[in-house]
Amino acid sequence: MTGSVDITQFFGVWVSAILTLCIFSFLYKDNPLYKFAEHLFVGISAGYWFCFYFHNHIKPKLFGSLAKIPEDAYYIVYIIPLGLGIMMLLRLVPKLSWMSRWPISFIVGTFAGLNLINYLQSNVLDQIKPTISPVTGFNVDSISNLILAIGVLTGIIYFFFSAEHKGTIGIAAKIGIWFLMVAFGASFGYTVMARISLLIGRMQFLIFDWILYSKNLLSF
Amino acid sequence: MKREIPIIITFVTGILMIIDFFVPHPPFGGLSSLFEIFFTIIFSFATILGILALSKINIEKIYRKRETYGYNIVLLVGLVTMIFCGLVWGIGEKSPFDFLYMNFMMPMQSTMFSLLAFFVASASYRAFRARTPEATLLLIAAFFVMLGRVPLGYQMTKWVPEVFPSWLHFLQLPIIANWIMDFPNTAGQRAIMIGAALGIASTSLRLVLGIESAHIGKE
Amino acid sequence: MDMTKKVLVVFLSIVTLFLGNSAICQDAEIIPVVDETALQDSNLIEEIPLLPQPPGNIYVTDSPNDGGKSLTIKWEKSPDDGDGLNSVVEYEILRAEDMKGPFESIGSTTAGKHEFIDSTCNRKNTYYFKVVAKTPEKFKAESGISEGISPVAQWFDRTRLSMLIAVIIVVSSIGFFLFRAKKEELYIRKIAGLEAIDEAVGRATEMGRSILYIPGIMDMDDIQTIAGIAILGSIAKKTAQYETGLNVPVSRSVVMTACQEIVKESYTNVGHADAYYPEMVRYLTDDQFGFAAGVDGILLREKPAACFYLGKFYAESLILAETGFSIQAIQIAGTAESSQLPFFVTACDYTLIGEELFAASAYLSQDPKMLGSLKGQDIAKAIIIFFITFGIILESFGIHWLSNWL
Amino acid sequence: MSLIEKLKNIDRRIIFLIIGLSVIIPLIVPLNLPISVSPPVQATYDYVESIPEGSTILMAFDYDPGTMPELYPMSIAFMRHCFRKNHKIIAVSIWPFGAPLARDAFNQVGEGEYGKVYGIDFVNLGFVPGDVVAIKALARSFREISPKDVDNKPIESFPIMQGIDNFDNIDFVFELSAGFPGIPEWVMIVYGRHKKPMASGCTAVSYPQYSPYYQSGQLKGLLGGLKAAAEYEVLIGMPEKAVSGMDAQSIAHAVIVFFVIVGNVFYFIDSRKRKKI
């Protein structure tokens, strides 16, 4: 290890470690350290995303496109988002605040149309196709396919709103909810892993990047 | 007029997006990409509203000297510093903005995220109890997958023969776990996906037709 | 001449030829290639077995089902691709807007392929193409020039026919009941999570505590957020009537605006416009975990008696629900995000699963048109069930046309 | 309150403490438990093995430091495999903080371990804003949406980009996804529109949600979480961070399983007692 200590790095590691511990303190109970970290976090992150949107959306997409109008008249369409964006800001003027409904309607309409199509494609058609698998006899593949199909069908029946869950439909809906429960249990079980991984990552930071790093620096 | 025009806008844009999907011919084709860009611009503008509202609440608290107003000052300092750095020096790598992100925001993000390890443990201790048949299924599935996904589970059942008879091989925990993930779990997920898509289609249709217009304050 | 010398001579002649040629072409307008005719003239072709033969029969068509930006270039593989000398490793595609050039490279593809899609065309222009076969040693052989062609835009994307049929089926079944259904004819099953809303609001009122409502963490481009906002409308009416506190932290500014609109409207509708103030809906931050940290703070300090999480959630779902549990709030959640449902199901008192979230606003409003749309969804589900069952039967008997068509 | 009652309603902070310790201790004192490989991971590995040497792979770094513990070891393992097979890698991120993560991975593996050269064997196109729109635009033309690489050099100048401009020129796509926009969006465009083979790495939590894409063949392979990263490390024969973290993972896991069992035992005893009364 060289004699020169990177002050920025040293400072950064210590700040990170202290803030990490402040957030962890929440597990014990609400306390001034957590309150401090929480407020700092909300402030910094709100500022972060504001700048992020400015540099990645407003600047290149809006200003960049408007600047191209002299070369290519097509870019005049970017007047639309500029206008709608300004209407959004008119909320600050109480008398004109109703104008913010226009941009909101634009957003809602656009994504209602888009989602209608996209979800029917990816969540319905693309899911029906792999569910249609052959059941040809008494073997692992066929039985698994059959279970998959039964699960999908009864699961869909569970979501029936206009039929009372009684009789055949009642039984099917019951089996459906069982499949949903198995799915939830499985997802949960799978998640446990990931969550522990995150804690491992954080602990690796505290143990190796902070304590050992500082120890090495001090012992030098 | 304050209500009709927004409903007309929703209708027209919604229909245009559906046409865009099927008609590649200009001016329809590519309209969705363009509108998605418009959306990012509009919500970026709207962020100013959010920032102002956030500042307003906190400034008021400081002004009224609520007992914990020190924390509101912390929040505002964080906000202003970040915006100042971001607008003056940009947000590129090695900028002050990046330094603040990497050493202040990022560790808090990951720590907040890692709290989930603790919450997952307490939730499973409390909630995974065989109270009802449904809860029992949830418990069993979770149990197998939890064990099957770690080396420990593999250790527990690796003595089960791999070759003959083949169905016995199935009793190995990782294989059971994978099977649960691939079949019953996929089935459940798929049912939710299909149902959700129909819910989305129906809601979208109601929005486009102006029957539901919660977004503009009308119920 | 012994073998080694022979090889050496061939090698040297290749090197000089290659160096010379590229040197000449540095100033030329056309991309450097080994001109085959020139080689034949100088009888070098016999001496240089490494030179590939050019691809043949270049043939350009309009790419179907697009907006007129794309052309499909096909060619016959060079005889030295995979066969013959087996020296071709790559084809480069050159394009010009005039038969005389200049030809510019627009992309390449590995050997063995004989098709390239150029998706950077403009309908107003006519294009000419050449395909160049290349060897690892950078030897090139050029095909002839294709006939001029302009891309054409299509009015219907035929690959999306099955999707069009699906959209027509779903939209017409929902649409039919949306307009035809009468309230008295409609039965809608009970949804426990929604029945519990009154209980939750009542409890908060009794305890004199507030209600926390989060319409997810995503923006208005997600229908789940809109569903969450619609439910907020019904809940705000109740809190207005009972004069219970309402606290709506949001993580998107557009959502803040929309939530303010609907809360204000609800308060006005039940005659409590004076009780509404915009800060009921407060923006915290766009950041997922910054938002979670902020909401945790609100939960611990304001101790709401009831928490609603209805919309799109990601990993913060369990952070919120477990903190809510620790303050003994009654919790009602709902999302279509299947990876987060398990956490809500385990940590909350009631959970709306997937489609139930979207049905909620119809259910709460009891508006006949809205309820009719739920009936329409059921018809669509019945059709899907039929399709899957029918498909599995066909498939089991070895008939594949349905799955192929999908 | 009886002992059973007390244990049933145990202060959750005690659970927190036990979990914390069960992660920290194995990190300091490793155990080296063996690891089995699951089919979706094997399938990913096999696919990378099967494509001809020198193919061009598009690697999308769509995650941020928040999910690094899971996805970064995965990126490293996959990258090692690719470079060992002499594949070329084009990295791109539609998540803002993916680009520096890609740079770190290239520095460590590409230049550090395999001596690969920037611009020839790999390139980092950096962050492309616009979510789904960005993917669509990349599919159409790299040069159009991202004319400069992460260091603002024109991508034209790199040999690796010669003749490569859109998804039609790519042999394989590997998407590392921590959420939206992620796997569904990429699948929609890469598989749906361009019919190109694609595999993915995701966090363990989203694995169940995306496994239908693997089941239906839209994904050639799928890596879920740290476990899959550890499996991949084993497959390429280079056990590292993911494998070492697996010990802590296993112990913490066992502790949680133990909690679930204990919780149920107490619940069972308690409910029997109540029946007797």
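We just call them A, B, C and D in the order they show up, numbering each chain from 1.
FYI, a residue touches a chain if its C-beta (ideal position, glycine included) is under 8 Å from a C-beta of that chain, and two chains touch if they have at least 3 such contacts.
Not measured: the values here are computed from a predicted model.
Visitor: What is the set of chains touching both subunit B and subunit D?
Guide: A, C
Visitor: What pair of chains is linked by the most C-beta contacts?
Guide: By contact count, the leading interface is A-B.
Visitor: Could you grab the centroid distance between subunit A and subunit B? Build each centroid from C-alpha atoms only and quote it in angstrom.
Guide: Roughly 3 Å, centre to centre.
Visitor: Using the average of all C-alpha atoms in each chain as its centre, how far is it in Å between subunit C and subunit D?
Guide: Distance between chain centres, rounded to whole Å: 20 Å.
Visitor: Report the inter-chain centroid distance for subunit B and subunit C in whole angstrom, where each centroid is the mean of the CA atoms.
Guide: Result: the chain centres lie 15 Å from each other.
Visitor: Residues of subunit B that touch two or more other chains: which are they?
Guide: 18, 21, 36-37, 39-40, 42-43, 46-51, 54, 102, 105-106, 108-110, 112-113, 115-120, 122, 124, 126, 128, 138-139, 142-143, 146, 149-150, 181-182, 185-186, 189-190, 192-196, 198, 200-201, 203-205, 207, 215-217
Visitor: Taking each residue of subunit A in turn, which ones touch at least two of the other chains?
Guide: 23, 26-27, 35, 37-39, 41-46, 48-49, 52, 57, 61, 88, 91, 101, 103-104, 107-108, 110-112, 115-117, 120-122, 124, 127-129, 131, 149, 152, 156, 159, 180, 183-188, 190-193, 195-196, 198-199, 201-202
Visitor: Which subunit C residues touch at least two other chains?
Guide: Residues 163, 167, 170-171, 219-221, 223, 226, 254, 257-258, 261, 283-287, 289-290, 293, 315, 338-339, 341-343, 345-346, 353-356, 359, 374, 377, 381, 384.
Visitor: Across the complex, what residues on subunit D touch subunit A?
Guide: Residues of subunit D touching subunit A: 13, 16, 19-20, 23-24, 27-28, 67-70, 96, 127, 129-130, 184, 187-188, 192, 203-205, 207-209, 212, 215-218, 224-227, 241, 245, 248-249, 252-253, 256.
Visitor: Spell out the residues on subunit D that touch subunit C in their complex, using ranges where they run on.
Guide: Touching subunit C from subunit D are residues 12, 52, 55, 66, 140-141, 144, 162-166, 168-169, 171, 179-180, 205-206, 208-209.
Visitor: Taking the complex as given, what residues does subunit B use to touch subunit C?
Guide: 18, 21-26, 29-30, 39, 42-43, 46-51, 53-54, 57, 105, 108-109, 112-113, 115-116, 119-120, 122-124, 126-128, 138, 189, 192-196, 198-207, 209, 211-212, 214-219
Visitor: Inside the complex, what are the residues of subunit C that reach subunit A?
Guide: Result: residues 162-163, 166-167, 170-171, 186-189, 219-223, 226, 254, 257-258, 261, 283-287, 289-291, 293-294, 296-297, 300-301, 338-339, 341-343, 345-346, 353-356, 359, 374-375, 377-378, 381, 384-385, 387-389, 391-392, 394-396, 398, 402-403, 406 of subunit C touch subunit A.
Visitor: Going by the contact rule at the top, pick out the subunit D residues touching subunit B in the complex.
Guide: Residues 10, 12, 15-16, 18-20, 23, 33-36, 38-39, 64-69, 100, 129-133, 136-137, 204, 207-209, 211-212, 215, 227, 246, 249-250, 252-257, 259-260, 262-264, 267-268 of subunit D touch subunit B in their complex.
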